[in-house]
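Please find the structures below.
You will see two complexes here that share chain A, one where it goes with chain B and one where it goes with chain C.
For the complex of A and B:
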């Protein structure tokens, strides 16, 4: 089962959702999509919250569409009946605006990066251009017999082989794109209680207009949510009490001993 | 011998001068029949630099009142409370549109000035267009009879005031305090994205209130537009180093089906002299495969119209986006999907970056909703009066090609 983690983080006056959308995780996401396209897995979105709220039970009990399942101490909302096309469309739109769009951009970006390396070599001025192709002639003209096999290998480049490598690159990314599209049409949502998140949210909530974000940014690494540091660090710019008050204090004197006054 | 040479040089100079004078028009005193270029003057531009947004609107309203011009000032209504005007959150600024022409006609034209607040110069372009269309003249009368024009001089009043652009959250909150690192705005941090891309968000609730109000105004109150033009300028730090004195760049937002789009992306633009010659020779060879975009898009109505607009701008003696920039791009290609691709000289189309990811810009959105034609232009770092001339010439060309049905080769 493929998974995406979402964290419900308290900001100044409301919750926002934060994910691991970091460039370092590009490759992980590519592999996930590839697996999905091969195994036809459904996507599980895990919503990390401070506290699992009861209203979800009530909503699920009354609704004909959703069913709540408890698994390993976490609540799971699974589809009971096929949801109405309007609701489904709305849900998909929301995900397309966030994940789907971004995933496709990264796929496309990496694809072009790979193809760039490929095309650059076979273009006119490139590595396999006319000048480099003529380079083995130097060996032929010098009549060094030992170099002959390498020379002929360099001169005759198999065009079929080159075509195949290009196609391989493209098909690999096509698979990933297909996986992304399949995943975002088969989603289940899971709610999960996260104590570390609760601590961080409480800190920000209690120290409103004070040093809440600063404390949270220093603490989140130790609580196992280190990726939130970027989020909190940026948010510190919005705090009312600044850190720059330290410069209001009298400065430390250059000399450690008091200067002798003129008598 | 020396005398002869001098005499020859003088004669040649005279001939060259005559040719240049016959083709080039002095735009400082020129009235094309649609737009009066003599309205553009530097002191007025200098005044715009410091004034706040409400004063700018007041001045325009004063001009309209004093001269009894047939321009209606229509404020944009709020999305949630349609009885009241939309007001920005901290300062309570309203968004205004200037309406001209015949409201019952089927040609509904929208001209958007400053989509990004920092690009203020084109709000002046909008005013110049509005004022010059109110002058006397047979062509203007014909245009105003056959079309209904709405001009949006400033889409983002707060950004206009602050000289920055807005970024929108996934919750629909707007900010004009983007996180800045090394003088570059980080756009997609935590889902903040540019306002131009917010118009086409899939989820209605993720759009900001301002964007929704403007959308509703144009689609329902003004009537679904048939032509949407948005004017942009490049004001980013350091852009003059590469794009100094570049001409008008036209971006066509025409809807092509996916198959057609894939074909266009795989083709290339004839850039060098050799390629252009090859392209010309290909016409005589019926067995030749498709290679260039211009071959493929030939006789396509949207493409031909954009081409004729470009030709009109060229005819006035105004610079358009030259091939040399594309040549540099081909020499030093940047790895990554392209946001725009060239299809002809100074004409571009939205590229695989937007298409594959499903990012829809404002003109694309109106095109999707009402089937109109969308165009945006980009003017680059050069003198302000020149940028205004370029924007005005583009609108001049579009009104001629779309409303009057002219064609320029």
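For the complex of A and C:
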């Protein structure tokens, strides 16, 4: 089962959800969506919380849309089978706004990056494509032994092979796109208790008016939740003592000595 | 998904929560989970045309605040990510590499014929024949491991139950607490400690290997530096070989996942709330 880990992080004023995404490589998301598309797996969102709360039972009992199942000591929210199409549409829109849209944009971006391969020399209009157009030369050159490699190359090489590769690349990314669509229509939510997260939240809670984010950003790596550093570090820049203060200093003058004013 | 006629094989491997501190930007100061096999070796273990259930027995030192369910889940997710990304990258490289090989095998034949027929050696400047071997290593890795790794049924991380392995990791942790110094020196001393102990308890050999891998991963070039041509010789090679290096050689990753530093005392952060 494909999994996404979400973290319920305390943000001084309330909770926010943070997910672990690599800022440089998008590969893990592509991998997940391709896997889902091929294996028809359902997507499991693991919600890391400080403490598993029972209010989920109450929410789900009264809800016509959600169902709660207990599994391995953790509560699991699964959608009931009958959801009104309007509500389902709204839910899907909400997800599309966040995960889905971003993943599809990434997908398109990487597709065009990979199509770079298509714009190589082997295209029909490229260098070897033009060489191939000189095919009739083969009949002139076949007598001369020295031209044999070129003759064979003209006979053997398929000038359209890169166009085929292009189609392969496009279908590869289509598969991933399809996987994303399937994934975000089959979601289950599981709560898991996370001790490291509890510590970080306690730190921010305790130092509300102080440098809570700064402390958390320095400690989260050691607690094994290093990806939160990107979240905390940005938060410190906005609310606490920041490294950007250097820009508040008066600028260095262009001339070292003040220009003499004309008397 | 496995069908009723599909054969399923169980693969069990050991993982250890290793006292060490990572030095990367994101995981500064964290410990490491190390799994004894890299994805390629793991794939080799699975017989062909079989599905597999992967069970990772995780041994961690006994401490006051052990790994919580969320952290265990995270370890599982990260290990799966490493394996799946490896499989994905191999297949992606083969998507184009296969077409190159198929096309240039013909050219290779032409080249061999020219060796016999042509007068003079001017044609050795054709660089096409080498394309017949583009991504051949990726092809081999995918045949041996990549194809099989994708056929999983269940993959889980569970706490290990073998007492000797548990003793070994506890002992390593006890020794780790006595050490002071720079990070890599600590790792080297722990490696030597395990080396000395491995005759008494074979579990130490695995932990010694883990430290070797951790030290290597700290010393080696990063993934980015490996992939990007940043030195002059590399740039020259890339210029002349052009398309050949567009299909990269997929590096086999180590299964190393950062986890919470179990030596770090959480009680001041957790007990205030209760008290």
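Convention: the second predicted complex is superposed on the first by the 192 of 263 C-alpha atoms of A that agree within 3 Å, B and C clash if a C-alpha of one lies under 4 Å from a C-alpha of the other, contacts with A are read in each partner's own complex, and residues count from 1 in each chain.
In this section, a contact is a pair of C-beta atoms (placed from the backbone, for glycine too) under 8 Å apart; a residue touches a chain by one contact, two chains touch by 3 or more.
What you see is a predicted model, and the numbers here were worked out from it, not measured in a lab.
Student: Based on the superposed arrangement, let me know which partner A:231 touches: chain B (first), chain C (second), both, or neither?
Tutor: first
Student: Mind telling me which of the two, chain B or chain C, contacts the most residues of chain A?
Tutor: The larger set of chain A residues in touch belongs to C.
Student: So, does A:35 touch the first partner chain B, the second partner chain C, both, or neither?
Tutor: Only chain C; A:35 stays clear of chain B.
Student: Going by the contact rule set out at the top, does A:48 touch chain B (first), chain C (second), both, or neither?
Tutor: So A:48 only meets chain C here.
Student: Is A:195 in contact with chain B, with chain C, with both, or with neither (first, second, both, neither)?
Tutor: The second partner, chain C, only.
Student: Between chain B and chain C, whom does A:185 touch in the aligned arrangement: first, second, both, or neither?
Tutor: After superposition on chain A, A:185 lies in contact with neither partner.
Student: Could you tell me if A:163 is touching chain B, chain C, both of them or neither one (first, second, both, neither)?
Tutor: A:163 contacts neither chain B nor chain C.
Student: Identify the residues of chain A that lie in both the chain B contact region and the chain C contact region.
Tutor: Shared contact residues on chain A: 117, 120.
Student: Which of the residues in chain A come into contact with chain C in the complex?
Tutor: Residues 3, 5, 24, 27-28, 30-32, 34-35, 39-40, 46, 48-49, 72-74, 117, 120-122, 145-146, 148-149, 151-153, 156-158, 161, 164-165, 168-169, 172, 192-199, 202-203, 206, 221-227, 229-230 of chain A touch chain C in their complex.
Student: Spell out the part of chain C that touches chain A in their complex, as residue ranges.
Tutor: Those residues of chain C that touch chain A are 1, 21-22, 24-31, 65, 67-71, 73-74, 76-77, 80-81, 84-85, 87-89, 92, 95-96, 99, 102-103, 106-107, 109-111, 113-114, 117-120, 122-123, 126, 128, 224, 243, 246, 258-261, 264, 266, 269-270, 272-273.
Student: Along chain A, where are the residues that touch chain B in the complex?
Tutor: 14, 16-18, 90, 92-94, 96-98, 100-102, 104-105, 107-109, 111-113, 116-117, 120, 177, 231, 234, 237
Student: Could you list, by residue number, the parts of chain B that touch chain A in their complex?
Tutor: Spelled out, the residues of chain B in touch with chain A are 169-171, 179, 188-191, 201-203, 206, 333, 335-338, 352-353, 356-359.
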